[in-house]
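Each of the next two complexes has subunit A plus one more chain, namely subunit B in the first and subunit C in the second.
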Partner chain A sequence: METIYQAQINFSRFLSASGQAEQPLPSWTEQPDTLVSYYRNMVLARQLDNKIIALQRTGQMGTYASLLGAEAIEVVLGERMQPNDVLVPYYRNHALQMLRGLSMEDLLSYWGGDERGNAAAAMGEDFPNAVPIATQALHATGVATAMKIRGEKRAVVTVCGDGATSKGDFMEALNVAGAWQLPVVFMVNNNQWAISVPRSLQCGAPTLAQKAIGAGIRGEQVDGNDVIALHESVSNALQHAREGKGATLIEAISYRLSDHTTADDATRYRNNEELKAAWEREPIKRLQTFLHQKGWWDEVQESAWQNEVAQLIQQGIERYLQQENPPVEHLIDFLYAELPAALQEQRARLIRNAQPGGSHHE
Partner chain B sequence: MKYFKLPDLGEGLPEAEIVEWMISEGDLVKTDQILVTVETAKAIIEIPSPQDGVVVHLFGQAGETIHTGEPLLEFAGEEDDSGTVVGELKRASDNGSADHFFIGAAPSTQAYRQTMTPAVRSLAQRLDVATDHVHGSGQDGQLTVNDIERLAKTDQTHGKAEPLRGVRKQMARNMALAHAQVVPVTLCEDVDIHSWATTEDITIRLIHAVAAGCKAEPTLNSWFDGQQLARRMLDQINLGVAVDTAQGLFVPVLRDIGNRKLEDIRQGLNRLREDVINRTIPPAELQGASITLSNFGTIAGRYASPIVVPPSVAILGAGVIREQVVPVANQVVIHRMMPLSLTFDHRAATGGEAARFLRAVIDDLAKESIS
Partner chain C sequence: MNKMTMVEAINLALKSAMRQDDSVIILGEDVGVNGGVFRATVGLRDEFGLKRVLDTPLAETMIAGLSVGMASQGLKPVAEIQFMGFILPTMEHLIGHAARLRHRTRGRLHCPMVLRVPFGGGIHAPEHHSESTEALFAQIPGLRVVIPSSPARAYGLLLAAIRNPDPVLFMEPKRIYRLNAQPVEDSGQALPLDTCYTLREGNDITLISWGAMIKETLEAADHLAQQGVSCEVIDVVTLNPIDHETMLASVAKTGRCVIIHEAPKSCAVGAEISATLAERGLVNLQAPINRVTGYDTVMPYYRMENHYMPNTADILEAVKTTLEFS
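Coming up: the complex of A and B.
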């Protein structure tokens, strides 16, 4: 018997949980700009996330999926993607979408139940949120196929959770990405929980990244709380994609510090000790410590930025709350490019019935 | 905002239970400060304040349930946003004004399960009209403005409907349940009680006769479980005796009527009646009837179709005793007759069993005396 294939999965981390360099850092970290920008955006992401949950608790927002604990993944993807790349997001990519150009009020509108927020002009060719699990992975391969056929040097990024990797859609997407050498980056935010299913019950393989091996694409694990490791991994994967060298699966190890959504209560199924331990590894404090050590960030800057962020958020919320309610036909208008006849009829009836005393007129 | 109303905290949750208030009446609160912890069907959730302000009233204590859309607390010095009706009713429609987004009326929830447009719902609230379980005249049973105005007029003309409480509410529930489950058949017959002394204790005679019926046909002294399709034949005859009161129908239980002396039964009956009238009867005394007697003849009525309340399977009703022309040995005579109505649950007993029970009851009642 001979070994005909061998594979390994590498894990990368540069900053330890306490913000110390564990190995020689890449040269771009010698300048503060990129890291400070990551930090500022992560702070904004977290403060906005908190505020959106408060809006939901007071009846001013619909059900919302928190990004708490995924800030590093969000900001690195958001800052490393080129404007002409395409994002095919899932329902936890709020900060990433904003870094791609989505306004705060449009983001809030979508989660407040207004489809216009999911169709903002600023999204360009980026896709709307995928709330179904893993379907976006196949959409991403479709977009990537178009780019390949046109011979464009662009990349597609799609994000999903650890739970999504168990779905057929995800496996099919990996397979076709490998078979056709598609310019896709599959980012798995492995936050250890698929609603109430822990990672240990999700999959028998020790890593999710190794699913790439069966599809013939690159696969690697990275510390999802470490912006430096993420930066390296994401930059490489995007470059590979744009150069026509094929797809990459990045498994970013993070932790969902929040409930699954505002309609969930994780204390019912999750050990509090585990949560406390995860807070010791979270991405913002880790980078803040590093920046302090470098002398690139201090308490005065911190306090000024926190205040500025609070104002930005307050202004965004005010714009969101002042928006006119969407007309009733928006229930239907965003579903098809061309509306089927049956829905045209329903649409007309919706509009009629929405008039004062509308149902009288039938 | 004057009233902060409980928003939908999940996806269509109708209510939440207050776990703990973090603030008290009179407190000055800041935006996003935690006000209260509530428990929904899905989660324990901390609710922050939507605004800065002084809280003047908390609606509900720990352990109480608040429905989605109902006020949680009241802020001081704010304008009442509920509105009152003066002159022509504004038919609220979406005119796009910013204040249409009012906190607390999350766009889903229980209210949306009733089919009416927001304009109609707002009208119903202003007119304080109860719309639960009302079928509207609009498309698919939607409530329309006309429906609400008609309901408001009904309230105005006849007064508001008064919700049932206590025993009367329980009666309504039990009867509806019985009606939904039982397959009732009622047999009627008259008993000639001409031979009775004028001092005869009618109720005691009826109780004795029921015991005689149960002994002759034990099937009717049983409990029937319609879900499992199972029955329990009961050794002891525990007779539920219907007692009419101003508060409603009570059915205290007279235990073991098959084995007790008549004087003992009479004393027991008197005690139960007193306890019912004084409202001192313990709940245990109202439970466990194996068969029921309703002596409505003390008031009025000849025959009836009494209702069997599960799990028991039979009820005997006795109407007003009257003098009647009857043929006896080819002679026309006037005798005192007692009309009987026996309802039984045909799921649990056959017609033959019920008829034999009634036969035994009649034979026992027809005796001149039983002591």
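Coming up: the complex of A and C.
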């Protein structure tokens, strides 16, 4: 017998949980700009997340999927992608979408139950949130196929959770990305929980990154709370894709510090000790400690930025709360490019019912 | 004008669309070198190359999801699913994404994809190769379901489906793929969607059908004509969005109606047509609407499939019952 194939999965981390360099850092970290930008955006992401949950608790927002604990993944992807790349997101990519140009009120509008939040021109060719699990991975391969056919040097990024890696769509997407060398970056935010089901029950393999091996694409694991490790991994994967060398699966090890959504109660299934331990590893404090040590961030800057962010969020929320409902005919008008004759009667009834005296008048 | 079969007309329409529009991309299992299991894509790879005719890995969910992504980029993927029995894995992408991408982005993105699939029984195929599950798809808002019944209509309707800016499920009745070659002009002219086609005008009874059953329906109409019964024959063609007006107008004229389809009876498109004719045309009906359909059972394996398939005699019997009602 002979070994005909061997593979390994590498794990990378530069900053320890306490913000100390564990190995020589890449040269770009010698300048503060990128790291400070990551930090500021993570602070914004978290404060906005808290505010959206507060809006939901006071009846001003629908069911919302918090990104708490995924801030590092979000900001690194958001800052490393180029405007002409395409994002095919899942439902926990709010900060990433905002870094791609989505306004706060459009983000809030979507989670407030209005699809106009998906319509923002600033989203360009990016997909709206995939709510069914893992379907986005296949759409990403389709976008990448279009880029490859046209010979464009662009990349597609798609994100999913650990649970989504159990779905056939995910495996079929990796497979075709390998077969056709597609310019895709598959980011798995392995936050350890798919609602109440832990990572250990999701898959028997020791890593999710190794699913890449069966598809013939690159696969690696990074500390998803470490912006430096993420930056290296994401930059390489994007470059690889844009150069026509194919896809990469990045498994970012994070922790879902929140409930699954505002409709969930994680205390029903999750040990508080585990949660407390995860807070010791979270991404913002880790980078803050590092920036403090470098002298690139201090209490005065922190306080000023927190205040500025609070104002930005307040303004965004005010704009969101002032939005009028869309016209009722939107329910039918965007189904087809042109309204089919068969729908004209139903459209008229919809409008009639919404008018004063109608059965659905508000 | 060359005489050709339906599958040849489909091939010609694909070529015509690809010559006219570089964004039309063919994909599916065995569509390349092999030219498709029914040869509908034969010769396309040689003419248009590997970048426009993609032999995909064997994964139907992927074919549908990939097409959604390609279409969002402005390409026009024309994907083939080999048999109706294998289309089920595509449904999440058709329902959840293709059919609602325009709606949920308020037109920012849209999904001009075509999914071609041969369907129906009568060719002694293996299990899972002969289903007629059009009703499962006809209820999906935003998804057009189009079924041709002749070579010339297959050519013009497929061109229309490809040029349509929204997703189209193009169901090809494979039992008549190679029957009755007829002249088809490579005119590049699309035929209208969302409208019924009245194949024969008549005054005594309206026969409504689609796909391969149009063959038996026309045979029945011929037979009845010899007996002095004048049948109006309507090919529904687009099952969603459906043109009820043409059918209502016909029944207003004839007062009697038989609906013919291969699919099981319950909750089928025939039931929707029947309900609408009753809802909006009851006063014009002189007899109960009759339906000639498959049974509410599993599509049988080939040795027994003739017992399942409606035939001309079944249509004649239903017409007789309907005409005799008073």
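The rule we apply is simple: the second predicted complex is superposed on the first by the 340 of 362 C-alpha atoms of A that agree within 3 Å, B and C clash if a C-alpha of one lies under 4 Å from a C-alpha of the other, contacts with A are read in each partner's own complex, and residues count from 1 in each chain.
By our rule, a residue touches a chain if its C-beta (ideal position, glycine included) is under 8 Å from a C-beta of that chain, and two chains touch if they have at least 3 such contacts.
Note that the coordinates shown come from a computational prediction; the quantities given were computed from them, not determined experimentally.
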{"item": "Subunit C versus subunit B on the shared subunit A, clash or fit after superposition", "value": "fit"}
{"item": "Partner chain(s) touched by A:59 [first = subunit B, second = subunit C, both, neither]", "value": "first"}
{"item": "Subunit B versus subunit C as contact partner of A:268, first or second or both or neither", "value": "first"}
{"item": "Which superposed partner A:330 touches (first subunit B, second subunit C, both, neither)", "value": "second"}
{"item": "In the superposition, subunit B vs subunit C on subunit A residues touched", "value": "C"}
{"item": "Which of subunit B and subunit C A:125 touches, first, second, both or neither", "value": "second"}
{"item": "Minimum Cα separation, subunit C to subunit B, after superposition on A (Å)", "value": "15"}
{"item": "Subunit B to subunit A touching residues, read off their complex", "value": "4-11, 32, 42-50, 91, 93-94, 96, 98, 100-101, 103-108, 117, 119, 138-139, 142, 144-145"}
{"item": "Of all residues in subunit C, those that touch subunit A in their complex", "value": "25, 51-52, 54, 56-57, 59, 61-62, 64-75, 77, 89, 92-93, 96-97, 100-110, 141-142, 164-166, 194, 241-245"}
{"item": "Residue ranges of subunit A in contact with subunit B within the complex", "value": "51, 54, 56-60, 62-63, 113, 259, 262-265, 267-268, 321-322, 324-325, 327, 353-360, 362"}
{"item": "Complex interface listing, subunit A residues touching subunit C", "value": "86, 88, 115-116, 118-121, 123, 125, 127-128, 130-132, 135, 137-147, 149, 168-169, 172-173, 175-176, 179, 330, 334-337, 340-343"}
